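What follows is a set of structures for review.
The two complexes that follow have subunit A in common; it is paired with subunit B in the first and with subunit C in the second.
After this line comes the complex of A and B, so read on.
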């Protein structure tokens, strides 16, 4: 989950205080938007603020975080395939060739993928004389599999023949990767993976140049930089870290000096990569000449700096402070400087299928009817912050196939806070084995003091209280234990803790625009882990696992067959398969209460003359931002 | 004096030992997420977790882990904050590199603030003491109450809002990438942080000086000085204030040392890349080596400052002698 860090911060979006309800800002739904009405011009320096640094010091094989992925995609690294930096209505989640000449050729058995690379594309200085070739992509994948590197998401490449054997020390090479010539990459899989193209758009596959002092070194210039390659990164995109030209890969790694333009936890300075040739890159306009990024500070002060024009935007995963959202939405001079766009992320409450009363599907359905989703969103900031969710996967990832699907709809989405909603919940509860007298209120002791984990922020506490009141109406009382976001995740990630319920502070965001990145980590039985278990509803756990973790309930429903059915599919058939899986999940398994599909809210300075939202990055497209000259 | 210094040095070692043990235990016992799991990303294989644990030294017995950290606290070249143990689990940057690069910011902030709080606090205290129950004294009291009760984060936000955002007469927060500390000082980027940080301490000092000076001015030796015909100014500043400042020196040493360990709130709000901001970042991601490094560095500053204060004491107050 590149999104662990993001998910943590997404909570901040919900943690906002009351925000005035209102329509979206100037940019919602547009491919590009110009607050000033001016045509974008090249040049200038974009001033960016970030609350915190990226999570792995820009190491492309380790970073698993929305912000770093955005910098890679827009600016620093090119991959075989990539995205156009636009919103989903303008193909922002569609794959396009980047370093590749076209889309990959896939064999009839879906097990062999062949990529052809463009010729004549060179790295940034000091490797400006080195052409990007297929072995450089292979080098990156070897680094992702190298144990001493401790990379971030090698599991996406385990489908490549020999990848996991190499990673586990059982093989000396990755047999499924080959380069018949410098500009052809052949990837052989152990099983079909219809989304492999998306995986070759992730930064872990961005090329790493060979080492000038040892051309045969498996990891190329990253040799000796298992822990700090990000500070020695050789760029291939339109920008590079300032001072990259001074990197000296001819001396041993221990004697090399890191790039000056990236000071961890302090600042980044990105300048144009003189090797980048716009004629080879249809995806990135790269308007500004440079980007200066300062890290740290107080959110409200940074928002003030945006309003004052000292900072062009706060590029982070949290939303602006509520009073600034309100101010920018309601002040005529500012309303063109706020942009509200849907992310491909969600928030949901979870029920543990192994913990009574949630081992009973009628209870789980009753809870879905009971929760006041509108109230939950109102506490979190109102309609600007999110769409109310009726199912698991964000609509834009399912081509809106389930746009109007909500099997537990209640009047105004207010759940048990309306008489009709309460009736629906009670009707469902009455069918439960835990409602002995059939009055729609759980009267079994298992419904009392249900172990619940909540986030301890003020907003999350208010939301937890609302849910607590909702569930009381159907006889479920919650024993809420509150923690910091990080500690709360620590509790629910351990299946031995038997956390029965969570109150909607947790969410998920895609790694790439395919519902695989939702179902596989969160709802797939084989992914249940002893530690860091993100499937904390225990969907698809085996009886052995349930016994191992000490559950009295050993039979729980599974999504495995529905999920596995989608693995080999591509195109529309794949999207339809995921939509079917989502419906199956919501009607036959029901491990969650979907609450919100989140929005991204960004305010920008008046200097910004061109705004574009990247649906892939769920953030501003930095390469599309232009500033007044 | 020699024996006294040896005793203090031994005490210093004991303090560092206790601080390091407590910090280590907090880290070992209370982490919300295993650092290895946090670093491994999703779906970590047992082999990957073992690799990371080994890399971080988390596969060793606890006493070995502690000893490895403890060695890095010995202030000798090659040992102090050695890179093999003291590196960020988050970005692998050596703790020493981060601390040394951030120390100038924290020192600048602390020294500037200290000068300001002395320049504000002592004169107000003196005037209040020599003119008790006058309008000036009352104004001094109001200043003290405001300064002591206003939280630093609130003062910082207020100062930025008024003097930068509304009036535009002060720079905003932050130091642009590449700008040297001297240029930042010249551009006035530290003015608001200095005053914000100094205000509460100045308020406290003013009350302390007032009380001490009023007490000193009622002593017999003051009456004697007056009887000898010394001017009132000389009586106050040479005899009264000297005595009244003795406890202030103690507090001053402690306050400066404390801030050298990082003014977390001020540095965070004003976006100053100092030790405090570094510590805060490390705490939020449970990054133990930087936390350990900063905590012990803070303890080191406090112990050394105490030692210096004790020595200065002997010169300020002739009655104090160390044997």
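After this line comes the complex of A and C, so read on.
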């Protein structure tokens, strides 16, 4: 080929490439701001986009995921107790009766809880003639305990008498559950549990109707659907999957056809449940007539669609891309279409108490001083995305008792990137046994090449580099191994891997609005597991456990006593107890570096009105959103 | 470009003497190097490419000096507060960051300079490896023929038909991501592994060309003559054959450099190339792919450098090929016979020189 032609072709190809990759410009059409204070209008279909499907195909005993929890609470399932779908200023984290007539009665020894059910509430089609009764709740808990179902959070119900025996095959019934009549449920416990009410607001306790062909079947309509009950779900909330009326439970499970309105990994279509009676439900207004959910796509493409109005909102665990956060926050027309609300979730970096140098509390405190939390947050998108965290449990869960508690504060929370912050870190490190000459910089070989796991997304990599830079200043060098999110979790889930450090990609989101859901899975010694262990720091591990997992360090700090003290308490006393536990954690155990209390950022299309944020679910309340007609 | 016949090569056009004037000038015979350089020099694009490559090599060599004395920071240092705005988005080219910041707040200018080092090191290492292996295999196969040739030719076929990217992905994933590497630490993550992988996939191109050349060269009379004088196989390969295939080796080696540069960039783009702490244009482009709409500089600068480097090597390679022999190296059998005698004359010069 002629030389000139070759140069020209290459230039043209490059130019075409640049144009192709340039991407379309934003729409930014006529954004009509939703008039605040105007009554929301009923009707219309919500267009929702999700990046991925839910994790267990909508099986209520298996799902342990924020997105499915949202659909259950707002729309599909009612439980004995539930939430009002609003933010914390409007009692969004308070329990209210839903299927129950009122709050449960608790015996004086705190071991017997009695619920009374509302009468005349019926299931969605095809069971519209069947009334919801107490045995239906018991049926759900039996399914939760059934080993072949492999439920997501069975451990919350071990406190019910006979539950774990049934789950282990040692008993034929769960002795702690009984229904003296169709509208009374009596729950007997093995020990007091002040937060039991919350556990009966979880979707696993939503009623399961009896099977029409076999009324004695223990699992009711879920019989034969150990792996796919979600596709045969009988709803009780204001919405149901489209086509539910065609579910046929009179034939054997293998011959039943799954509901048409749920196509796994592709789409959901939710329509109004004709059996739902608004006069029995003051927790859910249910303005829209239907919801169309499309699964799949790229975050930035979906954000563009929201801006253009093709999609009403992206409903997933992700945040909009920083460029869209910037655009919506700085463009006058778009300012009222972006909503930033606090979640009850955090992000933190972890240190393994069993791997040197983190077996020394002074090193752990020094690291807390050294990390540049503001920089970490900026890389992730800046102040819009989170509050800087000074302790473990999000403030709203502790009634703001620890709002100003930041024991390792540095100027601007910039850690070792400021001279004062670096000094604080060095002073702490100088007291450690691994700083042999007391100059504030670790000089022991254990501080070199500390085994670290990081997430491999670009943001997480940059955040890991920042932390690496910070820790280098106090003599700790990190040996960073990067993986995808799920692979990274896989590494830290196994205590035998001896992962010493994680760089802030791991976080925790409450299961229900009580700090038990933070401390129990993450900081409680007896809950350390061989697999899927979420106590990455090994807090409270016994010497036997440490030896079992191959650690040479066998004595690690514990806070089991501080945690167990709170189990039976209720009300303000319980919250104060958790706040004390958080302080104990930060001053005496120091297994983590708290980084962020994250915000939820959602952008919506211009036709959405009545934005409401669910403090229970840390996301939009789909049953409150309305469409401007 | 018009073809020149072989006889023209040896003779410079004599200057026309004025009628009845001075004696005609001496006709000076040109050495092959003169011939080659004369032709190469006339190819403006190739010279341009050469200049760019030289410039790039200089840049790559002085990158650490620039980093230390001119900008005072390395390629991996994060400047989160000065170079990212409050939404975490990078700032563009300005007084102290000449190419702007990348999406993590690093100096893109220093990243691009160090990326040049990576690309050149990998390209030269990988290509060097490919050249050495390819020449050895090609010479041995072409010289001995028979079973050895069959074996080597089939090996070439197999390597050429391997799904290169998939295998590279697998090899680097298996050995490149754990610290302990593979084969008891023999294959460790880093520039060396990537270079080895690339070199292992590109030697067949050289080997094939060399083999073809050697096949025809071994029939030459000078080879017979050398054998008659008692030279062994090794001596013949080394002293008779090798010097005569230097030209195609140089040309084709140069021509596979750009594809090796792109190969390294591709591996890094996919996240399986050089480690994250080693800057690479490919990874810079990968980081920039989402950011292009609000940070054009993150894609433009690494992209321009990668494009320029590839183009420059291609132009130089083309120029070399045209300069060594404008008719190219591919011969049909008939042409071979026709040019046998002419080539005998042309080959006498380098032989006399060796």
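Quick note on the criterion: the second predicted complex is superposed on the first by the 591 of 629 C-alpha atoms of A that agree within 3 Å, B and C clash if a C-alpha of one lies under 4 Å from a C-alpha of the other, contacts with A are read in each partner's own complex, and residues count from 1 in each chain.
To be clear about the criterion, contacts are C-beta pairs under 8 Å (C-beta built on N, C-alpha and C of every residue); 3 or more make two chains touch, one makes a residue touch a chain.
Just so it is clear, the model here is predicted, and its values are computed rather than measured.
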Subject >> Which of subunit B and subunit C A:153 touches, first, second, both or neither >> reply: first
Original post:
Touch check for A:56: first (subunit B), second (subunit C), both, or neither?
Top reply: first
**OP:** Could you figure out whether subunit B or subunit C reaches more residues of subunit A?
**Re:** B
**OP:** Applying the touch criterion given at the start, work out whether A:484 contacts subunit B, subunit C, both or neither, answering first, second, both or neither.
**Re:** first
Original post:
Touch check for A:167: first (subunit B), second (subunit C), both, or neither?
Top reply: first
Original post:
Does subunit B (first) or subunit C (second) touch A:228, or do both, or does neither?
Top reply: first
Original post:
Is A:521 in contact with subunit B, with subunit C, with both, or with neither (first, second, both, neither)?
Top reply: first
**OP:** May I ask you to decide whether A:384 touches subunit B, subunit C, both, or neither, giving the answer as first, second, both or neither?
**Re:** second
**OP:** Answer with first, second, both or neither: which of subunit B and subunit C does A:300 touch in the superposed model?
**Re:** both
Subject >> Residues of subunit A that lie at the interface with subunit B and also at the interface with subunit C >> reply: 300
Subject >> In the complex with subunit A, residue positions of subunit B that touch it >> reply: 32-34, 37, 39-45, 47-48, 51-52, 55, 87-88, 90-93, 98, 101, 153, 156-157, 160-161, 164-165, 172-178, 268-271, 273, 277-278, 281, 284-286
**OP:** Going by the contact rule at the top, pick out the subunit A residues touching subunit C in the complex.
**Re:** 3, 6-7, 10, 14, 18, 21-23, 300, 321-323, 325-326, 329, 372, 374-375, 378-384, 414, 417, 456, 458, 461-462, 465-466, 469, 479, 481-482
**OP:** Provide the residue numbers of subunit C that touch subunit A in the complex, in ascending order.
**Re:** 43, 45, 76-78, 80-81, 84-89, 103-105, 177-179, 271, 276, 287, 289-290, 292-294, 299, 303, 307, 311, 314-315, 318
Subject >> subunit B contact footprint on subunit A (complex, rising order) >> reply: 1, 4, 49, 52-53, 55-57, 62, 64, 147-148, 150-155, 167-169, 227-228, 230, 263-269, 292-298, 300-302, 304-305, 308, 310, 483-484, 486-487, 489-490, 493, 521, 527, 529, 531-532, 534
